[in-house]
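Two complexes, one shared chain (chain A), two partners (chain B, chain C).
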Partner chain A sequence: MLWLNLLINGLVWGCALGMVAVSFSLIFATTRFFHVAHAAVYGLGGYVSWSALKHGLPEWAALLVGIVVCGLAGAAIQKLLYERLDRRGATHLVILIASLGLSAVMQNGIAAIYTSNVLQYGLPWGNRTTIIGGALLTNTQMLTVVFGILSYLGAMWFAHRTVLGKRMRAVASNPFLAEITRLQPRQVHIAVMAIGSALVCIPGVLVPLDLGLQPFGGVPILLTATIAVIAGGVGSISGAFVLALVIAVLQNLSLLVMPGEWSIGITFGIFVIFMLFRPRGLFTG
Partner chain B sequence: MDFLTTYIVLAEIYVLLGLSTNLLVGIVGIFSVSQAAVFGVGAYLTAFLLMHTALPFPVAVLLAAAFCVGLNILVTLPSLRVSGDYFVVTSFGIQLLATAVFTNWTGGTGGANGLPGVPAPLILGHEFTEPTEFIALTTIGMALGCLCFWLMMRAPFGALLRAIREDELAVAALGKSVLGAKVSAAALAGAFAGSAGGLYATFLSFVDPSSFDLDASIFLLTMVVVGGARTLAGSVLGPFVLLALPQILALIDIPTSIAAAARQLIYGLLLIVFMLFRPQGLLGEKL
Partner chain C sequence: MLRISTIALALALAVPASAQTIKLGAVLPLTGPAAVIGMQEQRGIQFAVDEVNAKGGVAGHKIEMLFEDNQAKPDQSVLLFNKLVDLQKVPAVFTGYSGPSLAMAPLAGRKKTLLVNGGAQADALDKASPYLINTIPVLAGELEVLANYLVADAGKKTAAILFENNAAGIAGRDDFLASFEKAGGKVLAQEPVPFGDTNYRPALLKLAATSPDVVFVVITSGTPQLADQVRQIDAKFTVVGSTFFSDPELIANPNAEGFTHTQVLINAPEGMAAAFKAKYGTEFDFFPKQYYNAATVVMTCVEKLLKDGKPVTGENLLAALKEIKTFKGLTTTVFNTNTAATQINMNRINGKQDNLLKVIAPK
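Showing the complex of A and B:
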């Protein structure tokens, strides 16, 4: 029954990873540059919510505070950093280096304020378990699944049913045409950064509920999510979410044959295979 | 002035790493954030050879450098198939994978505790133990590296690499081998990083994973960006400026618990500020 537990753990972890992947997919497909600092925004959400909780706010309010702060941070990053660089005609390399710098500043800022020790939320209800269909699930895991599915459905609804979502897809598919038809790509970029950053706060809180908060915890998670986004096909929300589930399940099942420290190797192996055989991803034409 | 000598020795080793990073990121335009991983392999391999075999120091460093040539070609190869931003993901992955190997492969690397007791270089019966003696080795290493870089930049090969950065398709259309040029550049960058690793391991007589992690790669990038990308002068200036920074920080009273984070934060800030206001760095060309 070990493999069943691993499978379920994989699916739960996949939902968390899927949220990061969907949020990154929205941003990457629209702005087209590699927003490394997304890993730091993920970390920011967890720490802000932790602080809000320690100041006596109820759990839902603490999460909401985190989401709002992340959303604002995302908009600010786009407006104050990326847009400025873009207006000066900066190359992707320049924007990437700036993003890497921002990521270092935010993560080390967090480490300087909260120390780099692991922080726990200390919510006893998170570890209570229920048996569903023969499998043991904690409340945190169930919340992760619920939020994961809701986030995926929400992102699909946003991209396909709202005016802003349609503008976003238009900007993603042809920035030049979007500019001359007055869809105002720059405003769309800010909005998408805000939405993506707000969304990444949810896994940023849910994952540390189990594992504890670490200032640099976002980097491997973002890397894995990025691999899901690319392997799924850039611009495809379903592709990102499905591949996140697949990668997470494979990572967990790999524990049957090798120790956990090497799971980054599995993830990376999947990426290399995709790059060699299907570089444009699964869910693209 | 042992303190000053140590600073110069380390800066000279980092010049080699700066050349390696500058060659890939600045000149060919392959955005690599895994140069610290190659540096680390060079360091571990030299340490291993000197501790477990009777090979003399120059042979050990040459072997390590040769291995890093192969390794760097291997990790840079995906850039031929995946372009730009996709390669960054590959590069991040390689760096995280390398850190995982350095930390978890306890048998070969000593794990998180590292490998202590790397013997000092022994050349023609003379042992280089003191920084004041070691400085001769690193100066020669740095001079050789700079000479290679300078000759390459003047040669048609340098022009070819710069042309690949600007327009890969046009270079291919002229009948030049993009593959060959990129592989040669990666080989040279690997040799720089590997020999820097050998010098680093023997100078400190100790290697551990924390010197070769993602932060170290970002530090290398900061060095190149601050000194100035795409020029020899930039790669030489960067390490000397950035390694002096922690000494200046030591004068300000920061609690030791946050000193490491504060230092890394300042490197990040430098990256942002330079990208916003001076993308060419102190002595470089526009990125």
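Showing the complex of A and C:
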């Protein structure tokens, strides 16, 4: 039953990756800024929640504190950094470099405060296992699946059913038109950065709950999530989430036929070929 | 003006030689994923240097450490090594991690600077440069002990390998494979994990499917997470490893019950361990001890040169090391070659304790 265990493991990892991809997709589609510091916000959420937990807060409250702090951090990054650069006519490349710099500052700041040691939440219930359909799953893995699906559905509801979500899609679709029709794109950008950053806190806590906290842990997961966002079609929440699941499952199942050192290369090789035939992504017309 | 200059010159010449500070360099990962160990290594060196300086220095000369952060990156290490040697004129540079050490080794030979590795164990370090000395045995010696114990003493005939995909991990895989098959065992499968990645589950699932007696693990960090994931997949095999398992967090993890490993022996007196903890707020663990020992070796060589009235250069330090040969630091360190020989133990983690199974004396 190796294939089943790998498949389920892939789906679980895909849900975590999917949450990062959906949050990044919301931000990237609306602002068009390549927000690399999203990886650092992901890390920030994990460490803030860890601190809250160590200060005696219950698990749900610690997660909530992390979500609020990440949301505020996202809004602050947009207002104080990206918006200022944008107003001064900075190109997207300049903003990308600023984002890279901010990411390095935040991650090294976290490492300086918390050390670079792999920290553990130390919640024994997280490691308890249950057999589901012949595969062993930990409580943390089950929570990841639940939160992953809820995050995806929540993001879809937000984008399609709320006023802010519709404004976000309008700004993403045509920023110039949004400006002259008084949709106030800059305010929308701040709101979307806050929401995307709050959302990324959830995998920022759940993944380290399973695998341990590391200051630089957000970088590889953001890199893979970015590929899911682009291959899924920029602006498509469903595309980002589904492609995240596909990438994670492919990475896991590829172990059945090849050694692990080839799995990432082959998986992304497939996507390079796919992009050649569908450069605008899977979920765009 | 001339009088002032003359007085200043006279004062400078009047300063005794004992006031001259000797600078030593270190290129270690102080940020990034490898900083967990890099910072421990830094503290070990600084602790030894502070101890010597507090007693008046080495033959009256204070030692000053210049630390540079390479983030465990080989390319960065080369730049920093050049900076320390060319600008600061240090005669010796401490290093850690196999990749960076191997990158700096040719430069050490070219610039005749002593490169001192106290923590990395890739076999290639053994003969990488005449100027690279390893104060810890390379992995091959340790894994030969492990393989012989597993096959001959524990009756384990089949193994799988989980290795970190870098210089240290690949060297560990190759050494274990060779030693285990030479001892009469059979390696059924092997899987790599990227450095810094703590998601071992897919690789463990694949290895477990081959039903080995043991899984040999060679990773430099994330061992507590490994223990959790081994338990979560309900593994039937025994996890075995090397000195990397001497992580206090791993030993305290109930999921690490039964993990068996080799241990390069290094002990510190209780008072010293307490002083270290009081100073840094962390335990005097394996890596600080190893680098304390490495610093002691270098400072012993410096002392010999100063007493002999020779200049403290990389070339002279190497000559002094070969002449002294046996160093009584935290452990007896014997340099028959550029790599030290020390005692190796077989340990098993039981009841949150690292228990001794067998002692293997140095060859």
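Everything that follows uses one rule, which is that the second predicted complex is superposed on the first by the 271 of 285 C-alpha atoms of A that agree within 3 Å, B and C clash if a C-alpha of one lies under 4 Å from a C-alpha of the other, contacts with A are read in each partner's own complex, and residues count from 1 in each chain.
Following the convention adopted for this analysis, a residue touches a chain if its C-beta (ideal position, glycine included) is under 8 Å from a C-beta of that chain, and two chains touch if they have at least 3 such contacts.
Keep in mind it's a predicted model, so treat the numbers as computed, not measured.
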Looking at the combined model built on chain A, do chain B and chain C fit side by side or clash? clash
Return the chain, chain B or chain C, that is in touch with more residues of chain A. B
After superposition on the shared chain, which partner residues are touched by A:Leu255: those of chain B (first), chain C (second), both, or neither? second
Which partner does A:Ser103 contact after superposing on A: first (chain B), second (chain C), both, neither? first
With the two complexes superposed on chain A, say which partner A:Leu211 touches: chain B (first), chain C (second), both, or neither. second
Which partner does A:Ala111 reach: the first (chain B), the second (chain C), both, or neither? both
Please indicate which partner A:Gly122 is in contact with in the superposed arrangement: first for chain B, second for chain C, both, or neither. neither
Thinking of the overlay built on chain A, is A:Pro58 touched by chain B (first), by chain C (second), by both, or by neither? neither
For A:Thr91 in the superposed arrangement: first (chain B), second (chain C), both or neither? first
Could you give the residue numbers on chain A that contact chain B in one complex and chain C in the other? 108, 111, 115-116, 220, 259, 261, 264
Name, in rising order, each residue of chain A that touches chain B in their complex. 32-34, 36, 81, 84-85, 90-98, 100-105, 108-109, 111-112, 115-116, 215, 219-220, 223, 226-227, 230, 259, 261-262, 264-265, 267-268, 271-272, 275-276, 279
Residues of chain C defined as touching chain A within the complex: 31-36, 39, 165, 190-194, 196-199, 201-203, 205-206, 209, 221-222, 224-225, 228, 231-234, 249, 255
Give every residue of chain A touching chain C within the complex, in rising order. 2, 5-6, 9-10, 13, 108, 111, 115-118, 120, 127, 129, 136, 138, 211-212, 214, 216, 220, 251-252, 255-256, 259-261, 264
Where on chain B is chain A touching in the complex? 25, 29, 31, 33, 78, 81-82, 84-86, 88-90, 92-94, 96-97, 100, 103-104, 214-215, 218, 221-222, 225, 257-258, 261-262, 264-265, 267-272, 275-276, 279, 287
